[in-house]
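Before anything else, here is the set of structures, which you'll find just below.
Two complexes, one shared chain (chain A), two partners (chain B, chain C).
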Partner chain A sequence: MIIGGGSVGLMISYYLLKKGVKSIVIERKYPGSGNTYKCATGIRASFTSKEHIALMKRSIELWSELRDELGVFYERSGYLWLLSREEDLRTFKTYVSFQNELGIPTKIIDLSEVKCLAPTIVIKDLLAAVYDPLAGKASPFDLILQSWRLLVEKGCKVLAGVEAKKILLSKKGILGVETSAGFIESSTVVLATAYDTVKLLEPLNISVPIEPVPKHAFITEAYRDLFKPLIIDWTTSSYIVQTPHGNFLVGSEIPERPSDKLLNRLEFLRKASKVWTKYFPWMKEAYLLRYWTGYYDMTPDHHPIIGPLDDLEGLYIAAGFSGHGFMMSPSVGEVIADWIAEGRPRVPEALNLSMSRFKKGKLIKEIAVFG
Partner chain B sequence: MDSEKVIVCRCEDVLLSDVLRAIERGYRDLESIKRLLRVGMGSCQGRHCLPIIARVLAKTTGLRIDELNYPSSRPPLMPIQLKYFVSDGNEG
Partner chain C sequence: MWSHPIISFKRGKRIFFNFEGRLVEAYEGESIITALYAIGVTTFSWSPKFKRPRGAFCMIGKCSSCLSTVDRVPNTRICIEPVREGVFIERQRELPFISAERPLLNDQVEKAEAAVDLLIIGGGPAGLHAALTASTLGVKVALVDEGTRLGGQLIKQTHKFFGARNYYGGVRGFEIAEKLSKKIEGSSNILVYRNATAYGFFHEGVGVIARHPKPMNIVFKPRAVIVCTGAMERGLEFENNDLPGIMGAGGAQTLMNQYGVKPGDKALVVGSGNVGLIVSYQLLQAGVEVRAIVEITRSIGGWFVHAAKVVRLGVPIYLGHSIVKAIGSRHVEEAVVQAFDDQMNPIPGTEKRFNVDLVLLAVGLMPDYTILSQAGCIMKWIPELGGLVPLRTMYLETSIPGLYVAGDAAGIEEATTAFIEGEVAAISAAEKLGYANAHLLRKREELLNFLWNEYRQACVIERARVGKLKATVSEEEMEEYWERSIANGLGLPRSPYTLQ
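After this line comes the complex of A and B, so read on.
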């Protein structure tokens, strides 16, 4: 049984099904409603830890398969980091050589190459950029709606509008879950519940180090294809990506404290508009259609908590993705399915990401978390 | 009424027949139908299409309107150009 019908929960169910295991997914609202539908849609392996890179390399292979198997929109259209400070260029040179060593083809590019990738960009304040041609973007709508349908067709259950209330224990392990629709028996339970993982495990005296940090995004009306890569302005922690439909999805960091309420802030609209109309002056004329907020479920080392719990047999966690849950969902789904069906994950680096790392003090350091 | 000839969402060109097919395929809430067909994602942000589609969905499935996951309203009230957030008050 899987609690949480976002991209992570549904992908766990999907890869379990591939191993012949039929699962039940329960989702409090509707599939995708937590974080998946609010996400920035980017997919990259260009991280700065071997754990993230290993999981994302596998995820990128699986994204291609999902495109073929489920008809999910996915494209390797790249990521572009815009750099305007000498010190950032120096830092990124270190990242790039680390990534190249692990087989990720990031490279420093000059401004004429930036112009090729985004012809309408104004480059006057820029120094250089980093390009990752292996990165890309996918449609969260397709992933949820298509995997959901397939799971139901193949005899799995995806129960929308059913909320987990309490995990019940037996002497040996897990008995099942008390839900808003009654008790569901299961000796294996996976929590793919982002920040709600904290609340579900509190009654069992298990404290999970995840904090929700508010994030903001808006979307404009649709334009013809103007640039393919997801672009990040490193100086202002802002991103922009053109969706397959043509809209521009924009995010930008403004000061927020963990657990703050999700509020719409004019400050965000001002900052994000300022950053991106400077690079793309024509965007001043673009109409903003919608502004929404959501949470990153952040862990102390910005890496997810994946895997079984040492002291409670049958309970697995896949949460705390710190802004990368959607892109990682295929490989995390596969890794958790491995763990449940075969006892160990095929990506060995995933072993470093279990909850026990916080007890042992073996935190993982990630330097690049964006917008 | 020919459902192939009735447009229920003018912003994104969605036909009544598209909505009926989505319901047949098992999508029974407005939030999911929105992401499947793009209804409510255009410049009207659902002002015109969603009440119509809600009624179709309620009628077809027997569900009440409040059981359909009616999409959240989000700012801005009307589409607005980005220049109004970067201007110093003198331009635009």
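After this line comes the complex of A and C, so read on.
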């Protein structure tokens, strides 16, 4: 049984099915309604830890398969980091050589190349950029709807509007889950529940170090294709990406404290517009369609918590993605399915990401938590 | 130009503009779409994927069928964009290109902040009465409306309103709008922003874009807000329902009654509620032939008098019938109508064809709830009210203290109740702001008593009454709903940032 019908929960169910294991997914609202439908849609392996890179390299292989198997929109249209400070350029040179060693083809590019990738961009305040041609973007709506359809077709259950209330234990392990639709028996339970993992495990005296940090995004009306890559302005922590429908999806960091309420803030609209109208003056005449807020579920080392719990057999966690849940969902789904069906994950680096790392003090460090 | 029996159109100055390289004549004060309709243009965009021609549907800025490029600014709603001398209009044949190599209009936007007691969003019947009621109590009001003229949908109503006490019995809708506009202009307590859009509730205030006379981005910091955003028209599923010439009944009213432009020559009207019946009569007044009214149920939905009027003028009403298909290559040429059984399934072999160039959909309205939902009000789906509406107390306060709702945005009803709800909401807001007295609160009780125990007792309003009862909760119940939503993980605003 999987609690949480976002991209992570459905991918776990999908890869379990591939191993011949039928599962049941319960979702409080409707599939995708938590973090998945609010995400920035980007997919990249250009991280700065070997764990992230290993998981994301596998994920990128799987995204291509999902495109072919399920018809999910996915394209390797690249990521572009805009750099305007000398010190950032130096830092990124270190990242790039680290990534190149691990087989990720990132490279520093000059401004004429930036102009080729995003023809309408104003480059006057820029020094250089980093380009990741292996990175790309996908449609969260396709992923949820297509995998959901397939799971139901093949006899798995995806229950919308069913909320997990309490995990019930027996002496041996897990008995099942008490839900808003009654008790569901299962000796194996996966929590793909983002920040709610904290609340679900509290009664079992397990404390999970996840903190929700508010984030903001807006989307414009649809326009003709202007650039392919997801573009990040490193100086202001902002991103812009054009969706397959033609809308521009924009995010930008503003000061927010963990666990703050999700509030609509003009401050965000002002900052995001200021950043992106500087690079793309035409944005001044783009009409905003929607603005929404959501959470990044941050862990102390900005890496997800994936895998079984040491002291409770049958219970798995896949949460705390710190802003990368959607892009990682295929490989995380596969890794959890491996663990459940075969006892160990195919990506060995995943072993470093279980809950026990916090107890043992083996935190993972990464500097580039973004996008 | 034919002569209208009821309305004498006051045309503005004659101007010229550029439509895809063609010089087009227009009158100042018209919307761009009206000027184009007047020269026979009825296709305003093409669907991006299949390149199907799209006509206009709502004419009041609520749908997306007329998005055009105006002075090279793409995706502009030309139904609410006033025509200007020399403006350059292009229709969008695919997704528009937005990379601009020219001075940007947006660079001229001025920024402002405004502190007011009460912000009213929407200047239709509910908003106008709310503004007048509050202003006479001494409350400083800002009234924001998307239209060029105040009045909302009143400005396109040519029929005489039925007498409900002192709610304009015997007066035509557009005359009511004129009368109320004058009063509002005369009030020193009301600031009016026309052609202005309230785009959202934020931590810092309520954002409003005012377009004319100069573009301004105003952040209001009101102490209370009344949302009177009205409603939008529903579409209907049938083959080729996107052909130009198929539009909302209200869209046609805007063209012929507000701007004096004939929407077509031969019409089929779908739906026999008051909107369908009244628009049929107005079409006849405007010189449009009405071939038939079709109604899928077995009974006429609107007032008997309205139905009698059109039947007397020779318009057949087909009960148990609806449209199943439109035919035409670039515009509607024929409409296929079929009889439906009691389970709402079409009966084979009953097709009738009507040779028409206009199909008006009068199949119901849905509340324009978006800004209420964005503000974080607890919403409820109530079919009797046309869809999503905010929960509210008897005094029209939503789950956010200081935020009130009135008129069709609170659930589809009609103009008289909108007037009354506007007044009730204004008195409630005034009470919150400290302007209340015993006389005022007594007046509110009288209004509510009349509304619930007399006016809504009429059988044609039964459905709305049932719906409004479902949407109205006590303050204690509101508190419970709120607690439950919080328990479900929703981060609902509790104390409005607006009220100290």
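The definition used in the following text is that the second predicted complex is superposed on the first by the 370 of 371 C-alpha atoms of A that agree within 3 Å, B and C clash if a C-alpha of one lies under 4 Å from a C-alpha of the other, contacts with A are read in each partner's own complex, and residues count from 1 in each chain.
Here, contacts are C-beta pairs under 8 Å (C-beta built on N, C-alpha and C of every residue); 3 or more make two chains touch, one makes a residue touch a chain.
Because the structure is predicted, anything quoted here is derived from the model rather than measured.
Look at A:Tyr37: by the touch rule set out above, it reaches chain B but stays clear of chain C. Comparing chain B with chain C, the partner in contact with more residues of chain A is B.
Of the two partner chains placed around the shared chain by superposition, chain B and chain C are both touched by A:Ala286. By the touch criterion stated above, A:Glu221 is placed in contact with chain B and with chain C alike.
Of the two partner chains placed around the shared chain by superposition, chain B is the only one that A:Leu145 touches, whereas chain C remains out of contact.
By the touch criterion defined above, A:Leu262 reaches chain C but does not reach chain B.
When the two complexes are superposed on chain A, the residues of chain A that touch both chain B and chain C are 221, 264, 266, 269, 284-288, 291.
Within the complex formed with chain B, the residues of chain A that make contact are 29-33, 37, 141, 144-145, 149, 152, 160, 220-221, 245, 264, 266, 269-270, 273-274, 276-277, 283-292. On chain B, the positions that touch chain A within their shared complex are 25-27, 29, 31-32, 35-36, 38, 41-43, 45, 69, 74-76, 79-83, 85-86, 92.
Those residues of chain A that touch chain C in the shared complex are 28, 119-120, 196, 221-224, 226, 246, 261-267, 269, 281-282, 284-288, 291.
Contact residues on chain C toward chain A in their complex (touch as defined above): 48, 67, 73-75, 94-100, 104-107, 199-205, 207, 219, 374, 488-489, 491, 493.
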